[in-house]
Structures are given as structure tokens and as C-alpha cells.
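Just below is one structure, and these are the notes that go with it.
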Amino acid sequence: MVTEIINSNWTVSCTIAALCLPLISFILACIIPNRYSWVVTITSLLLLFVSMIMACSVSLTILNNHEYWSIATTWFSLSKVHFTVGFHVDSLTVLMLPVVTIVSFLVHLYSTGYMAGDKNVKQYFAMLGFFTFSMLGLILADNLLLLFVFWELVGFSSYMLIGHWYDKPAAGAASKKAFIFNRIGDAGFLIGLMIIWANAGSFNLESLHHVEIYSWQTAATLCLFCGVIGKSAQFPLLTWLPDAMEGPTPVSALIHAATMVAAGVYLLAKLFFLFTPEALQVVAIIGTITALIASLSALVQTDIKKILAYSTLSQLGFMVLAVGTGSPQAAMLHLFTHAFFKAGLFLGAGAIIHSLHQLEHHTHQHFDVQDIRTMGGLRKELPVTFITFLICGAALSGLPFFSGFLSKDAILNSVTAWAGTSLSWKWFIVISAFAIPFLTMLYTFRLIWYVFFGENRTKAIIGQAVKFGEVPFVMRMPLIILSVCSLWFIVSPNPSEFHGWLYHTLSVTPEDGISLTTVISAGWVLLALVVSYFYFRNRSIESSTSALSQLLYNSFYLDKIYEVIITVPVNKLTALTEKIDIRWVDGFIHATVLVNVTLAHVISWFDKYIVDGGVNGMARVAGSVGSVTRSFQGGKIQLYIFWAVLGIIIFLISMLI
Amino acid sequence: MQHYLLSLLIFTPLLAALIALFIPAEKKGVFFSLAAGACFVQLVFLVMILTGYKAGASLQFVEQHNWITIDLGTWGVLKAEYFVGLDGLNLPLVALTVPIMLIATLASYSIQKSVKGYFILLLILNAAIIGSFVALDFLLFYFFFEFMLLPMFFLIGIWGGPRREYASIKFFLYTLLGSILILIVMIGLYISVQDPDVPGKITHTFNMLHMSNPINYISNSILDPNHAWKIGSFDVRVLAFVFLFIGFGIKLPMVPFHTWLPDAHVEAPTPVSVILAALLLKIGGYGLLRIAYPVFPEAALHMSWFVGLVGVISIIYGALNAMASKDLKRLIAYSSVSHMGFVLLGIASVTTEGVSGAMYQMVSHGIISALLFLIAGVLYDRTNDRMISNYSGLASKMPMYFGVVLIGFFASLGLPGFSGFIAEIMVFLGAFKSHSVNGLLPTSLAVIATLGLILGAAYYLWTIQRMFFGPFSIKGNTSASQLPDLIRSEYVVLLPLVLATLFFGIYPQPLLDFINPYAQYLVDVVISHGKVIGSTLNH
Amino acid sequence: MEQVLTGKLESIQQSFAFFLPEIILSIGILFILMMGIVFRIRENKTDSDKSSDHRHTYSIVSIIILLASATAMLTQWSTLIKPTALFVEMIRVDQFSTFLKIIIEASTIVVVLLTWRGKFQTKLSEYYALVLAIVLGAHLLMMSINFIMVFLSLEIISISSYILAGFSFNKKASEASLKYFLFGSIASAIMLYGLSILFGLTGSLDFTSSSFSTALIEKSSPLMFTALLLALAGFLYKIAAAPMHIWSPDIYEASPMPVVAFFSIVPKLAGFGILTKFLLAISLMSKSAYDWQLIISAIAILTITIGNFSALAQKNAKRMMAYSSIAQSGFLLVGLTASLPSGIHFMLFYAVVYAVANVVVFLFLQYFESNNIHTIAEFKGVGKQLVWPSILLFVALISLTGLPPTSGFSAKLFIFSSLWEAYSISGKPVLLVLFVFGLLNTVISLFYYLRIPYYAFLKDSTGTFKQHNLTFENLFGFILVLVILILFFLPGMLMGWINKITFVL
Amino acid sequence: YFFEAVAAISAISIIFIRNVFYAALLLVVCLLAIAGIYVLTFAEFLAVAQLMIYAGGILVVIVFGIMLTTKISGKPLQVGNQHVLSASLVGIFFLSLFIRLFASESFQVTSNAALGVQNTYQQIGVLLMSDYVLPFEIAGILLLVALIGASVTASLKQKS
Amino acid sequence: MQPIHHILFLSALLFSTGLVVVIMKRNAIVVLLGIELMLNASNLNLIAFNQLNPALFKGQFFALFVIIVAVSEAAVGLAIILRVYQHYQTSVPDDISELKD
């Protein structure tokens, strides 16, 4: 399938250039002194633009000639084994390359407006560049080790970007949480890697293709799936993503919607051949649970970004579900479409937040700029934003003629095909799979109704007539591009047929005909739209205190559960180990290893320093032992003699008897 | 010249110490320049060595002179030599030692209290560390090994923090306990081993290379591999291995013999902490690789699961304790415990990957821990306060410092791109592979070890969150004006380390070229000898 | 009958040639006593206090005597390859005892120098006479092969020691002297009782004779064992080994520093000399019915442990050194326990190292005592003001602990090597116990040895110290410390010499 | 047997008598009895030495000592007991031990060899100057040392 | 029963008695007496054993030198006791205890 063609040198160098330019952007941003931080904005924008052009041209070329290639060079080698750095371009890569570079470039562009005036703008752009580099590396990597390297680096840049406003305690906490959750997944990923290594002896994806099926594969792939769970925020590690919304909104768009979180799905698709049916079942179940939880939670959120975050979660769950049902192509398709419309939604939300923030700045009034309860009727104030947001929202909710409809369709198709005709537990998953688009519709339009329709609550809060400013051009521009990308033609020329040109690159054997599911799903979402209109159109959001809504609001109290089952025990454990260290290990060693007395005297010697408890008790015991050995040398000579003679007697008895 | 480079490396600091002895104590600046100068001279020698070294497992730069030869009458001749040499195992460590000593010396610029004594001790310590790395004669090794203790004892005890006396005594006693265990084995070994090169009378030799060859054992001697001596139900050779393991493990340090480390680190002045963490700990791992494994291969194979278990326990336990630490230096010290657990795990796997990883981890940890302790020192220099809870939001106050801290912390928690990642990956490769290659370590052990990665991330990030994030505020009796960002002299010591850890993280091959042949050789030797000995015992 | 007698007389005449060192000592004792009388008479006449001059004279004269006797021994050295019995099987000169004798003479010279630097000045002629008498007694004790000679020379040492112990003439000293006397005479009474039974059982007073050893094998009864043990007790008392060690701390604390240094070396080594001979005789190349190796190891373990553990708690430096010397006796016993020729060689090496290190310690302890430093806590901050004495003292203490780079380490290494070898020959578990125990005790001993340097270097001083004229102490201490270090780096120098010593029963 | 009984009784009485002076006198009695035993076992020379040195020498010294100490302290010379239990345990142990051990041994007395010995004094004299000349000389030194020692110890009254 | 056994029993008795006296009596002079008893016990042994081979006089000579030693010990001992007496005004060893830890 993969043909190495020497002639394709051009694509190779283009790809490598596309990969390295963001890195150069990062390095430049690090080197350029603080005074010239404005230079950074320009350089990184330019570099990213070039990178994007290159990536797109590579993709287009390869899409045309199907000349997949890979190059590799030895990174380091142990005596017999070599670890390589290599890139491999195949259909998945080709799909992902433009997505990452385009979204990244747009986010860069957007950020020049959004982040204007931020004091750490240099650092911000540096990390954006670094992230793009890592993400591209992740896509291009031809072996699992390298993939893991970039996988981690992506996590690191995410950490840095979430924590960008480190003055905010919440941002710090969120970034830490994100990294640690990722790390938990990564540990699993690493175990999976190692199992593969130990059994197959290679990391190279190509050579892994030729490995026969072994019993270890289920374990290995499940471990790899742990990495996915962490990175793509699947159940049970999903709560970091909503928290990660503390980062700047463009970052959320880039990392936590379009690219990084999707990397998990990408990985699944890429390693799909390794997964055994048993593992896939787990994958499907996890995906379903995630999607359900997230979409239910999204229904009651009030923070605009959080709603989007939960929506991302549910979409990711949906994709994972797709992979689990044996259709990585569908998942990739959804990933592709999702990247654009979700980025568009986030950037749109960012635009709203930006303008509200400006407003807040002007009026010197404080209110929560991200709370949808403070918004309303923005349709008139921010028309461009409204339209783009609407288009992207429609794509998200899967209305026909939008890209989301097609990709969702593909997934639903594969789910039904997978479930088969016989009734089994798999039908629960099918039902859920159909419930999810419905829910998606509900929360999407709930959001849209609240934000853009109805009366303008912001004015009510501020209490005066204010002038809303539409966001600057550099910010509007990406919105428009992204919303255009959310239309159907990006997937397929036929708005009802997902087997478009994109799907071809992914799958060798396209299926034919408009399936029943397509029709059903179209009707289904329209029904949902109607429901949402009647249910949410004019309803104000009162903070509901009902148990159910609280449950959903806190996304089933997963965080609380973690606290109870992980954080608290770990804290207890650390306290315990500390105590063990001071009291037992030290105490034990104080008491016995140095044969009691020694340390008794150390301690009596230093006792004024050792105030910590525990040790003292030991010391006293040991000290008394010491004084016993001494006491019979008190000063009574006749007693001495007695002891000496007694010693002789003991020797005599012990030897004679 | 070529042949005396190692001796020059050892004796340069000693010579400088001797010169310093005759300079009146009032001239404070002289001692600093003298010590730094000596380190620079060493650096020149090191470069000469590195250029002259040919990759491969063989010994190079060997110097071998008779040291002690005593005729013991009926039971032969006792022979100890001045025998030094370099191979893939100790070259990286020597190459680590020299720059780290230079950095530690430079970082000692601010020492005020009895400067003369301080630098003399530092120079002696320098010589002893290099000596113990290059010595190939057990007695010589032991001499240098013990000789490190006294300068260290005084460096902690005189120039340390408020509980310095306690810490120094604890350090000394622990290490001495360990070295006594080593001494016991050493005595047993040299009595059991004869020098094959000397004909005629039995020559008891301290030569480590002879010790690791089973044919050199006097038949029916106490540690003769072909003759199973037993004490109670214990095989003597296994017992000897365990003694060595504990002896070096104390130095490493491994749980539960680690408690000297936090105390010593917390109390020691910054440069001494740097040396302690970056260099002294390595001697434990070095000893295991140099002595314990080659000399007792079958015992090592027999006990490997135990070594691995202790390694894993150290990883987890150290990390948990680090999480509980309230003192920055203590946290870093416990993280050292955790990281040195990887060394044990790697060694225990007895695979090329694992052993290479362990060796790589030693170098990497040497660089990173030096960096971390210098980082802690920066803060301590400014405020005399290392309590984590007393700081908040430092990132906005000292952005460059924050940058360096980030690099240090993430390097330590094993982010790709830093040397720690390469080392840990290789250790894991070895640990997971071990089960299928030689069946020494159960996979579950390796799986548990990955928990260490998560915990590592947790305690470092938590620290960052507490100290650097959030709005700026400090507690205690410090004021914000005491917290300027990094100054030039601090860059001088910090930057080389940052660059080194990056370099070895991105391009590990040069170091692996040194390490790998030895690791391969060691694994081959251990496995083949271990099997040979094991089979002769069964017959 | 007559011929037998003349033969005996001739052999006695020939014996005098080998007896020269002891004759020199005896004449020296008399000479010093005479000098004392002459000076006293003159003092009474001139009525002027010129005792300080006499101090020098006494010291120089005793050093000359000791040197003369040592020279005499050195000239004999080469002729001593074959042991020679003297005075009709009363004593026997051999290289082993001569070696120890030379150590003793050398240490005594140092002790004389210490006395010369010390402060007490009364009754010096008697003092030196007694010192020389102890040296003479030690010589005889190590050479004797006859119970009568053993007993007599032991008593010479003891009686002189009782008096020397009280030589500060204060309350404490007289008390120490009384204690020493009571304990010592009972120990010797017990030993005598053992010896008398031995005589009865074997019919021989010469414990190296064949009749003694055959009787030992033939009549190995509990009574024999009891008698041997009682006799051993007397020797153990001399070397201050458990359980006969209890006298030493009190005596050390109260006696003047040079006397303590003297006690810690001379009678102890003499005791080891005779103990070695006696043990070699009674263990009969381990043909004996009783496992003497076991008993000696048990004693060694006990001694090391008691010595070390009690030393831990001491606050007075001299007292601590007393316990330390008990522990060191235990280590010396380790060499004996191996019951190998190499073990005894190494014991001799250890003895040299021990003597040197101990002398250095007492040299500087005396110096510090002149600064009113008695307890360990009073060493606070000394290291910063009196740098050189503290460093030299530190090295000596490290050597006693047995850490590189001091010869104490080599000595311990050697002595435990022979023990290990003995274990691999015999496989007795008790030897292994002793091995591990002894080495672990080293860790413990480090603790108290380190306390003085610890206070000296790590604590800050409260007052200032007088800078006495230190050149002598520093120079002398430096030379001795150099010896300690050289013996680590080049132990072959001394061991080569020691290894030539052969043992014949 | 008479002498033995006397010696035994007087020795044991020393334990129970409380007056120092009487104790000393009892010792004399004991020693005299032992001298008697010497005579009976053909060690006349030793018996004489015992009489002269012990009874004549040591006892005089001891009595002298008792009187001096009494004079200094001015207290009656009563002596108390201590550690009674441990002392008697040790004593009984050794007594029973030795009696058992001695009883288990058989000592061959050379038959009538003692009767053949004549002129013991001369023989002793010759032996003293030949075989035992070194102990003889050393004993001289020992006595000298003791003399010096005693004088040194006792004479420094004025200084303290 | 052999003719020397009764002497040996007597010596054992004297030895034990001496030991008891040494440990039990509170007066140093009496302790001295105890020591003399012990020495005499040894002497008795020696003389008794001398009978096994009387021609050589070994036991007798030993005993003779023991007596000499006993004399010197007694002399020195008493001197020391007198000395202590001057300092402490007592000859009870237990009251003399300035040397303690």
C-alpha cells in the first residue's frame, strides 16, 4: 500500500518544512527579547501561514497521486535495536495535516486580535507554535515511541497554554489537572507501548502491521486506549476538559476542540488494526458513556465555553464510539468536520467574550463575561459572529446541508451495521448513539437561543445603553473561513451522501446508496430542533436546584468521586508515607539498625533539635538500655569483683554443661 | 601523558588542596580561584580523555601499579594495586563529575564561613569521587569510597543549616553502615580470589576484574562459585550479594535506607547538595553495576526480582513522600529517591535496554538534580526560606526563574526532549522486556512503576501551582524586594545544565555510544556466567 | 650430679647474653633510684628548687636506658630466628616477644616524653623506676614459659601499676589505686589457683614442655578446663577484656595522662604476648578437647560490645578512652581467635597501629587537659582555634575507628581477613558472628570516637583557649600521624618485618 | 587432720567474725595450721618460710595497719557485711565445684617417693641458685619495687 | 581416697572462703585477709601436688615465690589502704566512690 517514491522529494521536504516552521516560530519567540514582543506576532503568523500552505499542498498532491511515503533516520540505538525518528504519510496523515495547520493558522490570526495587549503574548505565541509543531509531529510520526514523545509534548504545551493566565488560581489548578489526567492516560499508553515492544520487538507502525494476532494484543491495545482516554478526555478522565476552559479561548479552540483532544481518535484510527474485537467493545462502551454524560451535562451548563467543552466531549465520545464499532473512517470524518465547526464555535464564543470583555472594560462593571445568563439578543449587536456561530452550530447539531450531518450519518450507519439485527446489549449503544445527536441539537440550540435571541440581558445588568463593538477583522476573518468549512461540500458534493471525496481517501471500499439511517437521522435532528425551539426559546435560565440538574451540572459529580476515590486516598497515603518515614523507617533505624543505643545517644545529644514526636519515645527506650550496660560499673569495687567472678562462672557453666 | 591522564584527574584537586593548605586563611578570594582553577584544569584533562577514548567495552587509560604486596605465609600473598581505568560504565560518570564539580565550585562563590577549610574539603571530595569512579581495585575503590565520607561529613556539619549536626551524623552513620557491609564482602572476596597472572604462591588479589571471573576463585574458598557454602539455609554468595546490595543501596538510596538523604539535603549548603545528589548517589548504582552484578551473577539473577521490587517501592514511596514534603529541598531529595529507584529497576531487568537506561538515568539524574538543587538554592539565597507554602505566584515576580524551574521540573518528571525521558523509557523497555527475555521481573512490577510517572507529575505540578501560580504573595519574614530575578552568576551555573539535559534528551546517541557497549557486555557476562555457575551448582 | 649442675650453670651464663636488654633495664632501675637519692640529698643541701632540671635529667636518662635496651634487642633480632630458652627453661626469647618488646619500649619512650611535657613533678625518680620496672615485668612476662615466671612478672607489673595509678596523690588517685589493687590481687589470686591446679594435673610448670601438652590431652577433664579458664582470667584481667575489664575506666580516669597512655599500651601488650603463647600452648593446634576458639570469640564479642556500648555514654574523654581500649582489646583478640599464624601476625600489626594511635590521642588529650578540657563537651569549638592539634587528634581517632586512609583500617582489614579465613577453614558459625558483630561494632565505635571531633569542629566555642607552646606536640604528633598514614598506604613495610616472625611452641 | 580442721574452722570464722582484729588473729591461726600441714607433707622449708614470713611478717604489717587506721578513724573496728547473698552464692558454687572436680580426679602419689628425700634444705639451696636463679633474682626486684611503692605511697602525707 | 584429696578439699574451702570474704566484707583490711586466704589455698594445692613428684620441688618453689609475692602485695596493699584512709577517713571500699560515671 505504501510506496516509497524517490521523486516525491518535494513533498517530503514540504512536509518537514511544515513541521519545522512552527518550531522555528517557537524558538524565535523564545529568543526575541521582551521589548520586541510585537515582532513575535508577526513572525509566528507568517511562519504558520507558510507552514499551512505547505501542508495543504502536500495533502493535495498526495490526495491526487496516492504516493504515500515514509522516511526515517536512526535516533539512537542500543547494541542491536535502533530507535528511529521517522515520518510516515498516509491517508490519515493527509487528512490531518491541513486540519491542524489551517486551524492553527486561523487561531494564530485570531489571537493577534484576541490576545492584543496581553503581557505574556510572547510566551503565548511561543507555546502555540510549539503546540503546532508537536501536533504535526504526532500526526507524522511513523513509530509509536516518537508518537508518544509528541503525545507528551502536546500535553505539555496544553499545560502551558491552559495555565497561561497563571495569576488566576483556577487556571493554575486547571492546567495541573489537565496535565495529571493526561499523565494518567499516558502511563497507560506507556504500558501499552512496552507490552508491544516486549512482544513484537518493534515500535514501527509499518512493521506492526505484519504482526500476527497474539493474546497480548487485547491488553496492549486497552492500555493504549488509556492514553486515548486521557488525551481525548473520555470517561472516566473527562473532567479536565471543562476545567481547561480557563485557558484563553483561541487555545480552547485549537487544542481542546480541534486538534489535541482529537489526537486520541486519530491514534485509535491509526492503530485500529491492532485492536481486537474485545478491546473494541470496551472502546465503544467507553465512547458511549462519555458521549451520554457529556451531552446531558451540556444541557444545564451556563458558561458558554463549558457548554462547548461538554459538547466537544460528547462529540469525541461519539467518535470513539465509531472506532469501537469498527469504523475508524467514520470517526476520522467526524473528526475532520468537527475540527472546523467546533473551532468556529469556540472562536465565535471567543468573539462574544472578547466584546463583552471590552464592554466590561469600558463600563467598569464586573460581570461574568462567559455566563450565558448575562447574554441575549446579541444577534443584532454582533451579526457576523451570529451568522458564523449559527452555521457552525448547525453543523454541530447535524442539520442537513452541513458537514456535521454527513459525518454523523457515517457514524450512525456504522453503529447500526455493527449492532447487527439480533437484539443484544449492542442495541443499547445504538439507542444511545441516536440519542446523542438529539441531545446535541438540544444543547446547541439552547445556547444559540440564549445568546443571540431574546432580550439583551447584558444591558439589563449594566443598566445603561451601551455600544457593542463587533470584533476586529483579524478575528472575524477566521470565523468566516471556518463557518464556510462547516458546509457540506467539504465532505462530499452530495449533501446527503457521506461517501464523498474525503471518505474515499480513507476507505478503500465505499458503500453505496442512501441508507435508511440517513433519512432517519435527518428527521430525527429536525425533530430535535423543533423540541429545542419550543423548550428553550423563551425560557430564562434560572439556576435550577433540582437534584437532577445539579447532577448534570457537575457532570455526575465525577470530580467529587475522584476526590473521594483518588485524591483523598493519595493524600492520606502521602501523609502516611511521611509518617512512616519519620516515625517508622527513621524510628526503626534509630532503634534497631544502629543497635538501639547508638542512636539513643545521637538523640540525647541532639534532642534539643529533634522536637518531632515519635523518635523521642524510641530514644528513651534505647537510652535506658544504654544505662543498663553502664550501671554495673558504678564504682563499687567489690561488686565489680562479683561481676567478674560471675562472668567466669557463667563461662564455666556454659562450657561444662 | 596519555597514560597518566586519570591520575592527573585524581591528583589535580589534591595538589590544589595541598597548595591551599599553605595559603593563609585571610586571603579568601584565592581559595575560590584556586578551586575553580583546579576544576578547569580537570576539565581540560577530561576533554583530552574524551577525545582519546575509543568506543567499545574495553578498558582504556589503564594504570596499574603495585600498591600493597604482603606475604601472608601459609595462605598466600595479599596483593592490592593502584589500578584505574575507564570503560563505558565509568567514563560517563567521570565526565559528569568534572563539570558538576566545577559548577558546584562556582556556586560556592557566596560561601563566607571559613573559606579555606571549605574549599580544601571540596577539593578532597572531588578527588575522592573521581577516584572511586575510576578505581578497578576493590581496596582502592573502598579507600576512595570511605574517603568521601569525611569531607562530606564536615561539609554538611559545618556549613549546613540549623539541624546540620544531626544530618551529618546520620549521613555518616548510614553510609558507614553500608560500607561495613561492603567491607565484609570485600574481605570475603579477596580471600577467595587469586590472581591468575602470578604463578606459584596463591596471590589474593583485590582486582575487580579477576573477581568477576569465576575461574579465578580458589576452589572451596568461601565464595567459590563452584562450591555452595551455606550459612544456615542461605547461600553465602547470595548473602554476599545482598550485603553489597544493601551497602550500595544505602548510598543510592533505596527505601527503607533512604532517610539520611532528605535530612542531609535539607541541611547541606547548595553546592554540597548538588554534589551529593548529582555525584555521591551515583556511586551506589555504579557499585552495583561494577561489583555486585558481575561478581555475583547467579546471585544477582536469583535476587533480581527483589532488586526490582525495592526499585519500584523506592519509586512509589519516594514520590509519595515528595508529595507530602513541605520543604522545597526535601521534595527534591525525595524525588531523587524516586528517580534512583529507576536505576534499580533498570539494573534488575538485566537487559541491555534496562542497564543502559539505568546508566543513562544516573547521568541524567546527575544533571537534573544538580539543576534542581541549584534552583532551590537560588530561592534560599534570597530569602532563607524554602517552605513551599510561604510562596505564591512567583511566576509573575521572577519570570526567568520560573522558566528555569519549569525546565527543571519537567525534565525531572520525564518530559520528552529532556534526558530523563530517554532514561526512563529505556528502563521501562528493559523492565517490560525482562519477563519475556530472561524472565527475571514480572510485568506487574513494571506496570506499578509507571505509577511513579503519574505521581512525579503530580508533586511537581502541585508545587508549581502552589509556588508559582496564583496572585503573588509571600509569607514569613521576607519582603518582595528580596526577590529579584536571576542574576548573571546564576545563569552561568544554571544554563549549562539546562542545555545539557536538553542535549541528552534530544540527541542521546553520543552518550549511548559510551554506555551501550558496556551494558551489552555486562548483560552478556552476567547472564552467561550466571547460567554457568548455576548449572555447575546443580550438578 | 656435679656435671649436671655445671652444665646448668654454663647455660645460665650463656643466657646472660640474650638477657642483656633486661639487665640494662634492671640496672637502669637501680641507677634512677640512686640518682633520686643523690638529687634529694643535694636538694636538701642547697635548699633551692631545681626539680625542673632534674625532670629533664630523669627523662633523658630513662630514654637512654630504654634506647639502650631496645638497641640490644635489635642487635639480637637476627639471631632470634630460632627461639632460645634461657635460665633452665624459665624464659624463652623469640622474635614474637622481641617484637612486642620493641613496641613496648618505643611506646614507653613516648610516655616518658609525655611525662616530660606533663605537669607533675613529684617523686620522679621513683616514678621512672616504676615505669622501667613495668617494662621489665612486661619483658619477662612475654618471655616466660614457666608458671613461676609468669606469676612473678605479672606481679611486678601489677604492683608497680597499683602505685603508678595513684601517682597523682589526690583523693581520686588513691581511690583508683585501691580499686586497682583489690581487683588486681584477686585476679592474680584466681589465676594462681588455676595455675596451681594445672601444675597438679600436668606435673609441669613449663607450659610449653611436651609433658605439659601430653598431660593436657590425656587428662582433659572438667577440672583441667576450670583450671585453664581460671588461669585465662588472670591474663584477661591484664588485657582488660571482658569480664575482667571493669577496673580500667576508674583507673584511667584518675591516673595522670602519661600513666594512662602507659597502661593502655604496655601491660596490655604484655598480656597479649603471654596470652598468645598460653593459648597456642593449650589449644595444641586445635587438638584440645575444648573449643578455645569458641571461648575466645565469645570473649572477644563480649569485650568489643561492652567496650563500645559503654564508651558511648561517657562524658569524660579519658574514661571514654578507657572503654575504647577495652574494645580495642576485643579487636586484638579477634586476631588471636583466628588461631592462624597470619592472625597473630596481623594482631602484631594491629598492636603497632593501636599503640601509635593511642599515643597520639593521649598526647593531645594531655595537651587539651592543660587547657582545662576534660569532658567531651568541653571540646566545643576547639577545632577552630587549635586547628592542628584537633586535626591530628581526629586522624588518630579515625585510625582507632578503622576508617581509611588510616592504618587502623588496614589493621582491621587484616585482622578480619584472617578471621574470615579461619571461618572458611573451620566453618564455625561463632566466627562469622564475631566477624559481622565486630565490623558492625565499628560503626558504633565511630560514634564515640567522632564525638570529640564533632564537638571540636561542629560546635562553636564559648571561650578562647590558651595557645601553649605547641611545637613539640604538633611536630611529634605529626610524625606519628604520618606513621599512621604511611602504614595505610604502605603496610607492606611493617608487615614484611612481622611476617618473618615464626612461631614455635 | 587436726590441722586441717583448725584451718577450716578458723577460715570460716573469718567470714562470721565482725571484729577486724579478731579476724586477723584467726588468720594467724589458720596460717599456723597450714604450716603444720606443710610439715606433715614433708615441706619443712616451706613451713618455716610460712611461719617466718606470714606469721612474722605479714601479720605484723596487718596488725600495724589495723592499729594505724583505728587511730586515724577513731572508730571501733567492727566490720559489716554486704552482698551477702551473691558472695555466698559464689562461695558455695566454687566450693561445690572444686570438691566435685577434685573428687572426680585420681592423683597418683609416687609410692613412698617422699621417704627417699633427704637433705631437702641443701637441695633447695642448690636449685635456688641454679634452676630457679632467675625467679630468685626477679623476686628480689619485685620486693624492691614493692618497697619503693609502699614507701612512695605511704610517705607523701605532708603534701596532701 | 588418695592421701592428698583432703588437702585439696581444704584448699577449695579456703579459696571459697577467701572469695566470700573478699566480696562480703566491708573493710579493706579484711578484704586483704581474704586475699591472703586465697593465696594460701593455692599454696596448699601446690604443696599437695608437690607430693606427686616430691623430688623436683617444683611445687615447693612455686609456693615459696607465692609467699614472697604475698608479702609484697600485703605491704603495698596496706600502704595504699593507709593512703586512702588519710583521704577518706575510712577503709570501707564502698564509701569510696568518687569515680563514677
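Letters A, B, C, D and E mark the chains in the order given here, with residues in each chain numbered from 1 onward.
Here is the rule we use: contacts are C-beta pairs under 8 Å (C-beta built on N, C-alpha and C of every residue); 3 or more make two chains touch, one makes a residue touch a chain.
Being a predicted model, the structure only gives us computed values, none of them experimental.
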item: Per-chain CA centroid nearest to the all-protein CA mean; value: B
item: Contact pairs, highest-scoring chain pair; value: D-E
item: Relative to chain E, chain with the most remote C-alpha centre; value: A
item: Farthest chain (mean CA position) relative to chain B; value: D
item: Distance from chain D to chain B - Cα centre to Cα centre, in angstrom; value: 70
item: Approximate Å spacing (C-alpha centroids) for the pair chain D, chain E; value: 6
item: Separation of chain A from chain E, taking each centre as the mean of its C-alpha atoms, in whole Å; value: 95
item: Distance between chain centroids, defined by C-alpha means - chain A, chain C (Å); value: 78
item: Residues within chain A bordering two or more other chains; value: 594, 598, 602, 630, 633, 635, 637-638, 641-642, 645-646, 652
item: In chain E, residues with contacts to at least two other chains; value: 15, 18-19, 22-24, 31, 43, 48-49, 52-53, 61, 65, 69, 72-73, 76, 80-81, 83, 86-87, 93-94, 97-99, 101
item: Junction residues of chain C, two or more chains touched; value: 148, 152, 155, 159, 162-163, 166, 170, 177-179, 182, 186, 190, 200, 222, 226, 249-250, 313, 440, 443, 447
item: Pairs of chains, among all present, that meet the touch criterion; value: A-B, A-C, A-D, A-E, B-C, C-D, C-E, D-E
item: Interfacial residue positions of chain C with respect to chain E in the complex; value: 147-148, 151-152, 155, 159, 162-163, 166, 170-172, 174-179, 181-182, 185-186, 189-190, 192-193, 195-197, 199-200, 203-205, 249-250, 253-254, 313-315, 319
item: Residue ranges of chain B in contact with chain C within the complex; value: 67-75, 78, 114, 139, 142-143, 146-147, 149-150, 154, 157-158, 164-165, 168-169, 172-173, 176-177, 180, 183-184, 187-188, 190-192, 221-222, 229, 231
item: Residues of chain C defined as touching chain A within the complex; value: 178-179, 182-183, 186-187, 190, 222, 225-226, 229-230, 233, 237, 242-244, 246-247, 249-250, 290, 295, 298, 306, 309-310, 312-313, 440, 443-444, 447
item: Residues of chain E that touch chain C when the two form their complex; value: 15, 18-19, 22, 28, 31, 35, 38-39, 41-43, 45-46, 48-49, 52-53, 58-59, 61-62, 65-66, 69, 72-73, 76-77, 80-81, 83-84, 86-88, 93, 96-99, 101
item: For the chain C and chain D complex, residues of the former touching the latter; value: 5, 8-9, 12, 26, 29, 33, 86-88, 90-91, 122-123, 126, 129-130, 133, 136, 140, 146, 148-149, 152-153, 155-156, 159-160, 162-163, 166, 169-170, 177, 200-201, 221-223, 226
